[in-house]
Structures are given as structure tokens and as C-alpha cells.
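Structures incoming, each one as C-alpha cells.
Shared between the two complexes below is chain A, which has chain B as its partner in the first and chain C in the second.
Moving on, here comes the complex of A and B:
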């Protein structure tokens, strides 16, 4: 008798954990990544080689780092279209400043200059969004255009060639660890861990979710709305800047026209990662998995037999499906709780 | 046009009655502000550069430039009044253009008579409208039935429509259309260019929709407060569907117009236009959160935007700065509007507080007497 109840108990618990796991967005993502990998792996047996995995991770780096900032803004309840202009602005001007002041300084200086500039631009975003209450989408769309124009007009519109790039950036692009893993993957993991800890274990981090889920309640518990918003946008600006500097160093080329215009790819990856635009929901691991999935899909479309003409359509379709799936999940969980 | 004439009347006849309406000075009315701004810009330009600015070629080219931007602005404005946004209109217009272009390329031959080509062009118009209808249905299905936020839904479909156009053309532009279509794009009816007339027709239809039908009232109320409209028995889903179908069908017409005007159909025409349409909507006095709007004001805002644009052109400002101006204006206007709103609110609060204090004070005195 005792054993029967015990077995039933484990059964139910196992069942419960299974269902709760299945309901999680991350599980769905892991499953789809595995399925995609198996499909691609059967077509191309090189896909499971260590080098390919490392390469895929390296391609994910930019989307993962920038995605952290975009995810924070989206948890706050808005789409940030100024992510790539901020990334490029900070990276390009940081490179220029470093070449001008100290061309031989270590790579950390480049990162620091970029992060300061990124934080400044994030501050401008926060100013208009929290003080003047401009809707996030309109503010970031317009400010993104302004950042781009200011960069091209006042900072420069000629790309910096690999020969002119700072030596430390060139060295950075050739730094590998663990037999072929690029060092920027570690930076991405570090950034994601940092964001995870901030969101999970700090008062501000809990405030981000509270602000996105129910702004009025968050205010009544005693959160300072403006301070919270400023910290979100400044942190997001720093993330974009890190992403931009990593991108510029890795491509060994600072082209001010580059990157800008790929905002939607990041936003799609973040949405795919389960961050809800209704606010208050989303995890950093989801964003990482979403970025990974979109990179795998993007890099291997041609392998599966999708021509480049269809790539845009497939991307759009995935975007629409991700958004629709998320809306469906939200509706279902609402029904369950009601 | 009653608002327009009213505003002009208001400028000249200032009544000093004590009713609430008359106390609002005409200067605080958006259409008066726009007319004054247009007059100032026009005067500066006409005095500064009379030879280039007032030439008939410049005026007619300005009218042509207004046409397709105007249709997009109207489409965006309808969704903005409903408190939303539709980012997919430009790509939908390009999709309509690309589909029609491929069709015309495939069907039209040298030996065709002019009559059949006109018939084909009419068919193209219907195809554009159908594409608009389908696009609107997809958008509003995602928004109304699945409950996806409008920004995200239309951002996604924007990519989808771009992808479909890419499949059709392979990313290349299509050029070279029958002369009849180009005649629409470059023709004049008297002094006025034909594209402008088409824009006026679209604008009039939208005017009727927004100002003369129950739908117009519904869409404004919907923009103000969706819960209130839901509980007052307005079918919210229907409002969303109508709004997006109207916007997307106008976009379809705009696609055909772009084709006629530029003699080409490309997948990525007008990348910067979304921002400018938003700017025109905000300039015309649609609040960033929706709920109000006026077609006449949109019309005036379009003119103002065009004047600013040609002013920048004549001043030979660098292209980067020219790209930045609409964005900066957008930010400035929305910020200013919020600031004025806060100040006004503060004033009203103060008044209310004083009034209540007076009443309470009187009450206290009376109580003391009794």
C-alpha cells in the first residue's frame, strides 16, 4: 500500500514537472534548437563538429549581448529601435577616440570608452522616455535616426580600415580560448550572467519586472519610477555599446553604415526568446536561446534548400509565428489563472 | 471643410463671451497654429527665393511629392487615431507595386490597344485594393484576435510583406511600364498634377469615414479608452479590422501611385517614410496615445512638412541633417505637447483646489453662524 502511494506520488510529481517544463518557453526553444540541429546535421555532417559549434556561438555573440538590452527595454514594455544606432555610434566613436588619444592602449580602454558613450546615449533615451513620457517606440525610432545622423555628420562617415584599427582590437579578434572558442563568447556569457544576477537578485532587477507587469503597483510599493527607467536605459545603452565594440573588433573594421538596420533581427530573437511586449515577462536564458535559434536558422537556410530570395520571407514568417505563439501562450495562461 | 472655414472665421472674429468654448483662444487650436506656421514658412521662402520657390515647376513637383507621402500619412493617421500604429503600410505598398509590375510586365505587349491597357490598369487598381484588404485582414487578425501589441504585430508583418516582395522580384527593381500608367504619374489636369488629385480623392474618402460616419466616432473613442468602448457596446474587434483595412487599402493605392510616378517598382522604396508619416500625424495634433484627429489638420501638416523639406533643399543642408530633421521635430513636438499638458493640468488642479477651498470656506462660515 505504502509503495503504491509512493509510486503514484512520484508519477504525479514527474508529470507535474514535465507539464510545467513543457509550458516553459525555454523548453520549447531547446526542443526546436535540437530538432533544427538534427535536421541540419543529417544534411550536413560537419554541423556537429566542434568548430561549427564554436562558429555558431561566435555568430550569436552580437545578438546575445545587444539582446540583453533590448530584452530589458521590452520587459519594461517597449520596443527599442535605437539599439543598433547606439551600438554603432558608441563603437565607431570609441574607436575614433582611442585612435586619437591612445592608439596602443589595451582593449579594455576601447570597451570603457564605448560603454561610457553608450551609457550617455541611454541616458538621453531615458530622459525623453521617462521625463517627457514619449511612447518608447516613437522615442527610440526618432532618437535612433538622430544618433545615426549625428554620427555621420559630426563624428565621421568614412570607415576605419583594418590597417588603421587599434592594435589591441586586432589582437582581440584573434584571441581564442579552449582550443578555438572565441573570447567574445565568454564576454557574452559574462554579460548574460551579470544581467541574470541583476534581474534575479537585486531590488532594481525585481523592479524591472514590476514596472513592466504593473507600473502602478510598482510605484505604490515604493519604486522610484524615474530612477528605475533611467537605470534600465543606461544599462541597455551599455549593453549595446559592448555589442558594438565586440562587433567592430571582431570584424576588424569600423564602418559607420554597418549594423544599423538590423534592429529587427535582434527584436525578433528577443521575441523568439519569450520576452513579452506586454511587459513583465522574460528571462535572459530565453533571449540567449532565441538568439541561438535565429542564428542557426539564418546561417543554415541555404543548406536546407532555401534560396536567399526566400530568406527574408522565412525570417518574416518566423517572426510572425513567434509573436503569435507568444500571444497564444499569454491568452492560455490568462485563461488558466482566471 | 467646415473646420477650415471655422478656423479662418475664428481668426478674424474674436468673440468675448464667457462660454467655455469661446474662452479657448483660436491660437490654441491646432489648425490655426498650422496655418500660421505654413504662412510664415511660405512667406520666408517666397521672399527669400522667389525665383526658385514660386516657379510653377517647383509648386507642381511639391504637389506630386505630397501625393504618395500624403496617402501613407493618412493611412498611418487612421491607425494613430485608434491609438495604434501600422508599420507595415510602406512594405505593403511596395508589395502591391511589385505584384502589379510583374503582372504588367508579363501581360502587356507592344501591339495592345490603349483601351485594353486602360482595362488592365483598372484591374491593377483592383489587385492593389485586394492586396491591401488581405494585408489589413492579416494585420488585424494578429492584433484583434490574437491580442498581439500593434507595434510587434505590424513589425512582424512588415518583414513578411518585404519577404514576399523579395520572393517575387528576387530583390531587383522592375522598370518600364506602359505609357498610360506613366501618364497618370506625370500628367496634369489643368495646373494640378494627377497624383495629387488621386491623393485628394483618398483624403476625401477618409474624411467621410472619420468625420461623417459612426465608425469615425467609434475609432476616436476606441483610441481614447478601449475598455469604455467595449462596455458601451462597440465591437472593438470590428473597429480594429476596419481601421487596418482602411489603412492597408490606402497603402495599396499608394503603391500603384509610386509605380506610376517613378516608373519603377522596388522592394524597399521609402525606408524613412514611417518616421515622416508619424511626424505628420503628431504635427496634425493626434495625441501620441490616440483618440483624436482631423483630416484637414493632417492635410495642413503635410503641407508644412513639404515646405520644411523644400526649405532644407533650397538651403542645401547636408543629407544627414536632412534625414535628422523629421526625427528631431517629432521628438520636440511630442515633448512640448507633454510639457504643455502638464502645465495645463497643474493650472486646472490649482483652480479646482481654490474653488473647493472657497466652497469649503463658505460652508465652514455658514456652519459657524448656525
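Moving on, here comes the complex of A and C:
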């Protein structure tokens, strides 16, 4: 008698876990990635080679790192269109500054200069959003344009060639670990873990969700709104800068016209990763999976002879399906509670 | 020695040149339960917001725990132990129950790191204190409105509160839960916590409060210990005029039922529900939360699809499988969660009032001139005495006026059946009695009115028949004139 009820209990529990797992966005992403990999891998078995996996991860790095900042701002309730302008501004200026004051400094200096600039631009974002209460989308759209213009006018509009790049950046681009994994993948993982830690285990991190879910309530329970918003935008600015520096180092070229214009790609990856455009919801692992899935579709479908137009079509299709599924799940859980 | 937790002296506050508080003097003693009563717009919300630090005051002095605060911020107020349970609960829909209860504690203690375990522990403790069990890992957006309120209360008492301000805390609670709330309040009082209880329900005030402070047009009009307060005087103080409700007596009950349902069922929520409403009648359905009354109301409006049973309107069988179908069959519905389901908060009052009849007033190919909306909007604004500019957004209205807008938008569609799910929740005394008058008018106009309510006074005064639901079935049915407060209350709380 006892054993029967017990097994029944575990069975329903198992079923519950299964359904809640299926409703999770991350699960759907993992399934999509696995399916996509099997399809690509069976047609072109090179895909399962360690090198291909490492390469895919390397291609994910920029989206993963910049995506952390974009995700944070989106959880807080808005779309940050200034991500790539800040990334490029910080990376290009940092390279110029380093070449000017200490061309032989180690790579960490390049990162630090970039991060300071990124933090500064994040502060400007925060100023307009927090003090002047401009909607995030509009503020970052306008400021992104300004950042680009300021960079081209005052910092420079000529790209820094590989021959001119700081030696440490060139060395960085050739640094591999674990038999061929590029070091910037580790930076991405570090940044994701850090963001995960902040969002999950700090009061300010929970505040990001609280603010995204119900701003007035967040203020009422005692959050300092300005401090919270400034922290978010400065942190996001630093993430963009890290992404930018990794990008220019890896491409051994600092082209001020590069990167800017790909904002929507990273935003799409973040949304695909399950971060709600309405704010208040999303996880860093979802963002990583979303970035990974976009890269697999866009870079690796070519391996099996799919043209880039069709790859984009597949990406768009998966994107719209993912968003539809998220919306469906939200509606269903609402109905269940009604 | 009696000490005051809060002392207000000559507090004044103006908005844009309009004085909303005039020389308010108020003392709150340790362990005292004070009721602040007043109509909407009387200034009681402003008063609360001044104490909680949401507004700054223009003139006067504010002392909390003996310390004078020329200005006070929300976080200062919280660290002085003042907790407000707002009417909208101020919860985070996207966070779990545990996080909602525990997050404030982290802020209060000025912690940098967030601990999920600590949240769970705190949530468990404070829910235990109220005697409620709840799934701590559910998202707040997924739980019903009554549970949201419990979460809000649990959050307030978990922090080391000295004063808990409850802004109409019983609106979404059933009688049993209200009784439990009284117990909690008494316990809190014994442990030296002071309560400010914003309410205009007499029963509540006399059940828990020690003193009543009545405010009208920003001025103090009464401040008495409860035992010296005349029960009948409250609405007089609040409105400046006497309000008395005659018990409802149907003028003339028709022979044929307007609206009739037979053995309705929806999944596990309710079954075997049959009743008929004749012309002139107001039928009330009541029951505890979870008795199925809310689900039944929603089913009758097509929100939840009926799994069994037939519905007959004026002799013809109809289907209500969806909301549009219900509307097509001239069924109107006032939801219990007004803010979420009843009113478009951001849209203008005008657009709210015409929202149900858009198709009827638009041209054949679907164009709608702004001017066309004015007619019906003005008509219902006047009929329902909504004192506001039609262009103002719905959220700018007080609870009573919002409910008038909700009623108005449906009345514009000339319904045959009006399902009202707790229509006077969160509505001031005067609006409440006006809504009651309106409901009676509807009944006399050949509209079948189904009132769902758990306010026993309201039921007895405003319906001629009552059905009590218990565990998804009809457990009792009677004419209200044969019932009194206690006998109906007993039927509702009866456990089968």
C-alpha cells in the first residue's frame, strides 16, 4: 500500500518536473541546439570535431559578453541600443590611448582603459535615463548615435591596422588554452559567472529583477532607485567595453566603423535566450544558449551548404517560434492561475 | 507611561496650489490600533504617504519614535519600523513568494548578499505567524488576489515593524480570512506593534480598532476612542450627510425567468449549479474563497469554458464559450480585480466608457470619429455622476469612480444579464451606496442581476435571494428577508 502511493507520488513529481522543465525556455534552447547540431553533424561530420566546437564558442564570445549588459538592461525593463556604439567607442579609444601612452603595456591595461571608458558612457546613459527619465529605448538610441559621432569626430575615424595594434593585443588574439580553446571564451565564461552571481546572490542583483517587475514597489520597499539604475548602466557599459576590447584584439584591427549596427543581432540573441522584453525576467544561461544558437545557425549552417540568406531565414523562423512559445507559456500559466 | 510612536502636528500639504491636508494633528500610541476613515479624495492616502515618506509635507512637524523628521525618505521610514501594506500590494509579480517576503528584509538589514535560504526561512516564519501555508516557490503573478494580499501582509510583519499601516486590507479577503487578520492584528497589538487601519467598513473598525480618526476634505472631523463613537455617525462624519440604505425589496417579480442555468459544471471547480433569475430580482451568490463562486462568475462570462450544463436567456438556449460570445448574448461582467481586469488604467475615461460598444458606434467600415465617442461617454458620465474630466486617464480616478466607469462601459451596451463579481470592493461608503442604488435600478429595468459578494451586509441589503456555494456546490439557498447577519455568516463558513 505504502509503496504504491510512494511510487505514484514520485511519478507525479517526475511528471511535474518534466512539465516545468519543458516550459522552461532554457530547455527548449538546449533541444534546439542539440537538434541543430545533429542535423549539421550528420551531414558534415566535421561539425563534431573539437576544433569546430571551439570555433563556435569563439564566435559566440562577443554576443555572450555584450549580451550580459543588454540582458541586464532588458531585465530592468528596456532595450539598450547603445551597446555596440559603447563597445566600439571604448575599444577604439582604449587602443588609441594605449598606443599613445604605453604601447607595450600588458593586455590587462587595454581592458582596464576600455572598461573605464565603458563605465563612463554607461554613466551618461544612466544620467539621462535615471535623472531625466527618458525611456530607455529612446535615450540609448539617441546617445548611441552621439557616441558614434563623437568617436569619429574627436577620437578618430581611421582604422588601426594589425601592424599598428599593441603587441599585447596581438598576443592575446593568439592565446589558446586546453589544446585550442581561445582564451576569450574563458573571459566570456568569467563574465557570465560574474553576472550570474550578481543577479542571483546580491541584493542589488535582485533589485534588477524587482525594478523590472514593479518599479514603484521596488522604491517602496527601500531600494535607492538612482543607485540601482546607475549600477545597472555602469555595469552594462563595462560589459560592452570588455566585448569591444575582445573584438578588436581578436580581429587584430580596430576599425571605428565596425560592430556598430549589429545591436539588433545581440538583442535578438538575448530575447531568444528568454529575457522578457517587458522586463523582470531572464537568466544569464538563457542568454548564453541564445547566443550559441544564433551562432550555430548563422555560422555553421553554411557547413552543410545552406546559403547565408537561408541561414538568416532559419534564424528568423526559430526566433519567431521561440518568442511565440514564450508568449504561449505565459498565457497558459496565467490561465491556470485564473 | 504612554508613549507615541508617531506624532503629527499641524501637517499641511498642497498639490499644485490645492490644499489636500489642513493642520492635521495625530498621535499614535504604542500598541494602538487606529482607524483612519475618510472618503476617497479626503486626503487619507496623502496622510499615509507622508508618514511612509512617499510625499514630503509642506508645513508642520512629524515625529517618529520621538525623533523629529523635517523630511523623511521611504527608506528612513522603513528603518523606523513603519510598514505600509498598499491596496495594490506593491508586490513583484515576477518574483517568487519567498523572494517577495524576504527581499525587504535584506534591504532593511542593509545586506549586500542575497540569500534564497534566508528568504525561504523568513517567508515560512511570517506565513506561520499568520497561519497560512503557501507554495513559496510560486511566482506572485500566478497566485490569486487573496493570496497576494497575504504575501503583502507577511512581508510587512516579517520586518521588525513598529507601525503597520493597512490600506483597506480586507477588500480581497473572505470572512474567514478577515477573522484571521483580526487575530493577527490583535497579536501584533499585544506585542507592542501599532496599527493604522484604513477602512470604512464599520464591522471591521469596531472589531479591531481602539480609536477612529475621520478625515474629510483634508481636515480632521472626528477623533474618538471606539467606545465613545456612535456607530451610526461614521458615514455622516465621512460624507457630511446621512446615508441610510433601505433593504432591497423587489418591486414586482416576473413570472418567467430572464436568465436560467441548469446543472453547470467546470472541471473540479463547481458542479450541479442551477438557478434562475426572474425580472426584478437580484440574486446573490456567496461563499468562501475557493468555493467556486469566482470560477462560476467567470464561466458565465465565457472566461472559463463551461464543461457541462445549459444556459437559457429569455427562453432561448445560448452558448457562452468565449467572452465575445458572452458579450454578443448581452451578458456584462464586473470583475473582482478591477485594476487588472476592469479598467484600462492608461486610457482616458472616455475611451474606457465606450470600450464595449466600439463596434456599435463605429461606421460600417470600422472608422470611428473622436466626436462619436463623446455622446455615449457623456451620457454615462452624467448618469453615473463620474466627477472627472473625460480625457483624464482611468488611473487618475478613485476606486469608487473607477468602478462607476466599469459599470458605465457595460451599461452602454444595454446588457440583459449583469454578473457583478464583488462590485464594491475598494470603494468608499458613498460610492458604495450609489452603486447599490444603481444595481437596484438595473433589477427594476428588466435586467437579470447576479451579485457575487462576500460582504454579508451588502448581500442582506441588496439581494432578495442568496445562494451559498461550498466546495463547488450549492449548499444553501434562501430568501434574504428570512436571514440575519449571523445566520448567513454561519452558512457561509460551515464546513461540509
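Note that in this section the second predicted complex is superposed on the first by the 317 of 338 C-alpha atoms of A that agree within 3 Å, B and C clash if a C-alpha of one lies under 4 Å from a C-alpha of the other, contacts with A are read in each partner's own complex, and residues count from 1 in each chain.
Basically, a residue touches a chain if its C-beta (ideal position, glycine included) is under 8 Å from a C-beta of that chain, and two chains touch if they have at least 3 such contacts.
Model, not experiment: these values are computed from the prediction.
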Between chain B (first) and chain C (second), which, if any, makes contact with A:109: first, second, both or neither? neither
Kindly classify A:142 by the partners it touches after superposition: chain B alone (first), chain C alone (second), both, or neither? first
Thinking of the overlay built on chain A, is A:181 touched by chain B (first), by chain C (second), by both, or by neither? neither
Look at A:264 in the shared chain and tell me whether it touches chain B only, chain C only, both, or neither; answer first, second, both or neither. first
Comparing chain B and chain C in the superposed model, the one touching more of chain A is B
Regarding the shared-chain residue A:79, is it in contact with chain B (first), chain C (second), both, or neither? first
Where does A:209 make contact in the superposed view: on chain B (first), on chain C (second), on both, or on neither? second
Regarding the shared-chain residue A:97, is it in contact with chain B (first), chain C (second), both, or neither? neither
Figure out whether A:219 sits in contact with chain B (first) or chain C (second), or with both, or with neither. second
Considering only the defined contacts, which chain C positions touch chain A in the complex? 52, 54, 74-75, 78-79, 84, 86, 90-95, 99, 103-104, 106-108, 111-115, 141-144, 155, 298, 303-304
Within their complex, state which residues of chain B touch chain A. 85, 142, 146-149, 151-153, 155-164, 166-167, 170-171, 272, 274-275, 278, 282, 288-289, 318, 320-321, 323-324, 326-328, 330-331, 334-335, 338-339
Which part of chain A faces chain C closely enough to touch in the complex? 200-206, 209-210, 212-214, 216-224, 279-281, 333-334, 336-338
If you look only at chain A, which of its residues touch chain B in the complex? 79, 128, 132-135, 137-139, 141-143, 145-146, 148-150, 152-153, 157, 264, 267-268, 271, 277-278, 309-317, 319-320, 322-324, 326-328, 330-331
